[in-house]
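Each of the next two complexes has chain A plus one more chain, namely chain B in the first and chain C in the second.
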Partner chain A sequence: MGTATETFYSVIRRQGITRRSFHKFCSLTATSLGLGPLAASRIANALETKPRVPVIWMHGLECTCCSESFIRSAHPLVKDAVLSMISLDYDDTIMAAAGHQAEAILEETRAKHKGQYILAVEGNPPLNEGGMFCIDGGKPFVEKLKMMAEDAMAIIAWGACASWGCVQAAKPNPTQATPIDKVITNKPIIKVPGCPPIAEVMTGVVTFITTFGKLPELDRQGRPKMFYSQRIHDKCYRRPHFDAGQFVEEWDDEAARKGYCLYKMGCKGPTTYNACSTVRWNGGVSFPIQSGHGCIGCSEDGFWDKGSFYDRLTNIKQFGIEKNADQIGMAAAGAVGAAVAAHAAVTAVKRLASKREDAGHNS
Partner chain B sequence: MTRITIGPFNRVEGDLEVRLDVESGRVQRAEVTAPLYRGFEQILEGRPPLDALVLAPRICGICSVSQSVAAAAALRHAMGTEAAPNGLLATNIAHAAENAADHLTHFYIFFMPDFAREAYASQDWYQETRERFAATRGSAARDALPARARLLETMGIIAGKWPHSLAFQPGGATRAIELGERVRLLSIVTSFRTFLERTVFADTLENMLSLSTADELDRWRAGRSGDFAHFLRLADSLALSELGKGPGVLMSYGAYQGADCGLFPRGIVGPDMVVEPLPLSQISEDVSHAWMRDCSSDPAHSNTVPDPDKAGAYSWCKAPRLSGQPVEVGAIARQTVAGQALIADLVAPSGTNVRNRVIARLIETARIALAMEQWTRALRLSEPFCAPSQEMPDGAYVGLVEAARGSLGHWVAVRGGKIERYQIIAPTTWNFSPRDSLGVAGPLEQALVGTDVGEAGARSVAVQHVVRSFDPCMVCTAH
Partner chain C sequence: MMDAIAPPVESEPDLTAIAADAAGEHAVGRPTVYVYEAPVRICHWVNAFSIIILMVTGFLIGTPLPAVEGEASANFVMGYMRFAHFAAGQVLAVFFLARILWAFTGNHHSRQIFYLPVHRRQFWKEVWHEIRWYAFLERQPKMYVGHNPLAQTAMFTGFTLFVTFMIVTGFALYSEGEGIDSWQHKLFGWVFSIWPNSQDVHTWHHLGMWALVVFVMVHIYAAIREDIMSRQSIISSMISGERQFRD
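Take a look at the complex of A and B:
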């Protein structure tokens, strides 16, 4: 599927995307990555000259919300990113091949692009009962995951399932659903948490890796800093009402119609690191707090087992919040712990690039 | 006799495996396996009831609103309260958007790409079909995905985000729609209608829905452009109306809520085409061939306890039965129970099959688009969107809705302000059920019997058509 030396640009041009539209995509991506206008031309240049990076997108124990989020990304070019730009060689949800033929693609990619492909994982492996709770192609998913991870350049852990375990790992976690990084320990892993992650965050991460040939800067928990360094609360449009002590007490009450703060309805915005209040959802239209419901903190580890979703956070003081929340921030954000891993990925991508140029056009 | 295994299935929601016993190129027996289990019903036990509104939708990233609406309906019954009419309208609009989006995804991304496979290279429609529908490369996906994404902006306005929206509550919806937002909603619905009229049907929705017989449909499609007419030509050429016959009884819980806006009614209909009331107390779940421990067959009193070593079991899916019989659910059941003239005229002579299931989905999509317009106009913006929450007394309650793929029920028992039991029967649990204790096969297992796989064996494209015609949602199935 696809040729080894094709560039992103040649593929999307073949699909009838205009040059103007392509450059718009590059600017939007640069903006969403927080890289400023100069980066747009770097992205454009990279997409025009670099070969496509093979991506294997596997599904473990999950609900497909990450795929759903990804294919709804706002910019029309992004769906081409899904369908061709990133050379999606294997994806359960959209690919043409089935059964043994599909399994063969995995073997082929592994052999042909050893150490050069990105393994994107949606969901996680359940380890209970020898992996019996997620059987894929007659084998426990955990085996397939380990096999494909062995020769991957880097792994993207999509969503809360792959990053932390998510609601299926909630007590009593009947299947022993386990985050990817507890199973794969010898590869760079970038966590993109959220249930699901925002489409633009997902495409931003993929575009960054394929454009710059390295992982973006990660925080101590392995999340890209460019999207996960601010709390929902920091940029929430209802923040002034929090500061003024104006709160919603009941769904759709008078205070709700005035857009007051949802903290008393259980909002977890003050302790949640994600881009919802800046990037927003469904084409930038809205985000959960804008629908009048509090944030449930779905991108945070363990959000499913911290008491009722409708309980108010008891460790946040209404005033003097900064001191308390900063302590949380210290623990969550931290320094870059993945520099070594990121360096390994850079090297691998460079190797990939030079090798492919040598290989020439082979299709 | 040869036994072939097909799996993992691609282009379905979740994991799926099908085993077929084949003799002389024909399927003699089929076993359908749902190979994934997460344990939502176990996880929900002991939690505060309202937490089901957050946890249950996460069963599925494709029909999360259906799960939300079912949970909210069950909890509303537990509270013994009425929802605000505006809240139900807003919920209907969002739910309809999700269901319509699911139908489009099924048609364009999951179902049609199989007709672009090499097996059909000798057909005169092959080249055109390949250019339009080939998986990940055809032009159709480029038209359908943006239309679908735009439709789902409805969710942004009503529910903040999708999938896994949070706005749907027992009392209604958390978001009061404002005037400007109503205008935006109408503009989204209008652009969806335009997509349907230009690309899918190549005709107005009103004209489409005025067709009431198979003959009228044949005359309508002659020489017509559009993807629906293209499908009808394929269906004729491949005799898809003779492929994948269902078990004969169709069920609908009734779709979309509200006193004056329940769009599709509740009921069951058999081969005689007489619609009868649904005997809810006759719903049971059998676990004889599921990796589950035996307990009550009544969903109101049963628990889900996995037993991975159980002898004779072959799926994580339980076997739901109505009055002891397997039944088929989905758009075709909804539209037949609702007495939609064209669908009834197609189902009466040939029952349910690959062709009729697909037609029913597209006809339903047209009906939903018109209903969304009406619901959006019917919102009374200054009135409440959400009734206050009430205490939930001890007892057993049920919430029944129709997801895109068919009947979805949540049975919840509350004790001391906590969830005592939570049982979910999803549409694909009905359709992809394994055998029951009497050895009766589930609807898909029955529909696969007799399928001609010829020399192709596991690569048989006919098997793919039959399985996909049900639009399976495997993560909902075993949850």
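Take a look at the complex of A and C:
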């Protein structure tokens, strides 16, 4: 476990990395964060002087896909992030310590780095039955979360679970799984949604926080602007086919082979904020749309409850029916059209009858 | 400002309308009232055409036409469709705003579609009367210089409220492309605090479109029907501005 006085620079020097490589790393990081040329020296200065930020990584109701993604980061390598940049004091999935020994670290970090450490949360706490659906270290996860959040500097909500609720919070949400920002309301929270989030986005966020000692600029929904301010659609390489009006109509049709836009196949790219179309996955190899499948919108709020992954419109489930907005609208317009026609017909008949009546009176 | 008058004479009958022809037969004198001022009429027709364009292009953006052949760079079907939608949307927004401003300076008819006098018993009584008229339970309609109370209710909800909703959600969706530093996002980004997933905003924007389709159908039917049945001009009034009472 790292001590608070140790800096990133001293750790990597001890690992045999040259000062030249260190500066290369700083330049690369500044570039990947979209910062100017002067930022590289500021990053170097910060990493040489600032104590490493202690990070506590907790796991609630989740599938560990966030961790799986995180450990595949290429720029920066996760080994650099975990072993050098931060002082990952606690992560029950990948740490060596176990049992009481592991739990003791939580107390120790809380006392030693009060208000200094980052609490990274993967997954979310279920609140039903007093939180009994997720027991961690002998007590409900929600209690552990609240305890560690109390003295944290900030909280990172990893993935769709911690940010929005994800599959365990999908209707009818039997365990009442609740996203972090609904449970902890008095701490700065940064949401890094996705199922999982992109590895480089995760390490990028960690690098930013450790370098500048503050959270990156967030959007209205608490997501870092640098990775979540644009939709997949805005930077999609198939966008020219969308603008041209060239769409895949069926899986395996000619248009699919030509790589046309997947809009009509229910691609959620136009409503999904993430960096997949720019950063891509697995070290920039590909991303869903490039592999021929539409985006399912995994970084968006309640993406499990928006109907089919292959339909662009949300299903509306009122009055015991399940239809989308256009089906409901067309039915309503049809019904009103029929009513108007019937009303017009009755009006005409009535008018004719009253005219005849009047004529009868006059003669 | 209930305009209920039966028989309807708010101003003096238009005497110029009474003239004798060569045979010495007198034309029927028909009272005419100036109701819709020019800005109201201009706004009405500009908004009407914008809404038609918005409905057609909006539907085709949601349900695009079959794919076009050829190079992507040689086609711009969706691009033009979206351009027409955004342009018509901004025209609608500007003229809707102008219409609101005119309500402050125009005559009292120009204010009718922006409020409902729900606190007045008389208003509800007359709404009920209009409902009975449409249910064929009244033999004679009441005559109004401006909108009848049921029409006022329909205009307030069907036009003022629905169009406001469409403009707000429309600009919010437009701000997604313009970026979070745009004025559109600063003014309308709060919509995404209500529905964090833009897909929900799309759903509501679709439903709003269908609500407007229903409104337009009822609006046009009622205008034609009243023009024939209630013995007062309706359709030509929105062109000339004058309401003529035919008996």
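Things worth noting here:
As a convention for this text, the second predicted complex is superposed on the first by the 299 of 363 C-alpha atoms of A that agree within 3 Å, B and C clash if a C-alpha of one lies under 4 Å from a C-alpha of the other, contacts with A are read in each partner's own complex, and residues count from 1 in each chain.
Going forward, contacts are C-beta pairs under 8 Å (C-beta built on N, C-alpha and C of every residue); 3 or more make two chains touch, one makes a residue touch a chain.
Not measured: the values here are computed from a predicted model.
Contact with chain B, but none with chain C, is seen for A:Thr175 once the two complexes are overlaid on the shared chain. For chain A, the partner with contacts to more residues, out of chain B and chain C, is B.
Look at A:Ala104: by the touch rule set out above, it reaches neither chain B nor chain C. Legend: residue contacts after superposition of the two complexes on their common chain; A:Asp252 is shown touching chain B, with no touch to chain C. When the two complexes are overlaid on their common chain A, residue A:Cys298 makes contact with chain B while staying clear of chain C. By the touch criterion defined above, A:Cys63 lies against chain B but remains apart from chain C after alignment on the C-alpha atoms of chain A. When both complexes are overlaid on chain A, the residue A:Pro196 reaches chain B alone and has no touch with chain C. In the superposed pair of complexes, A:Phe133 makes contact with chain B only, with no contact to chain C. Touched by chain B in one complex and by chain C in the other is not one residue of chain A. Across the complex, chain C is touched by residues 164, 219-221, 225, 229-231, 234, 240-249, 255, 260, 263-264, 268, 270-273, 297, 300-303, 306, 312-314, 316, 324-326, 328-330, 332-333, 336-337, 340, 343-344, 346-347, 350-351, 354 of chain A. Taken in their complex, chain A has these residues touching chain B: 15, 59, 61-69, 71-74, 76, 79-80, 83-84, 88, 92-103, 126, 129, 132-138, 166-168, 170-175, 177, 195-196, 250-252, 256-257, 276, 280-283, 285-294, 296, 298, 304, 308-310. For chain C in complex with chain A, the residues that touch the partner chain are 62-68, 71-79, 81, 134, 136, 139, 176-177, 179-180, 189-190, 192-193, 196-200, 202-204, 206-207, 209-211, 213-214, 217-218, 221, 225, 229. Listing the residues of chain B that touch chain A in their complex gives 5-11, 13-15, 17, 35-40, 42-43, 47-48, 50-51, 53-55, 58-62, 64, 84, 87, 109, 113, 116-117, 134-137, 141-142, 145-146, 148-150, 152-153, 155-167, 169, 171-176, 291, 306, 308, 316, 384-386, 388-389, 458-459, 464, 475.
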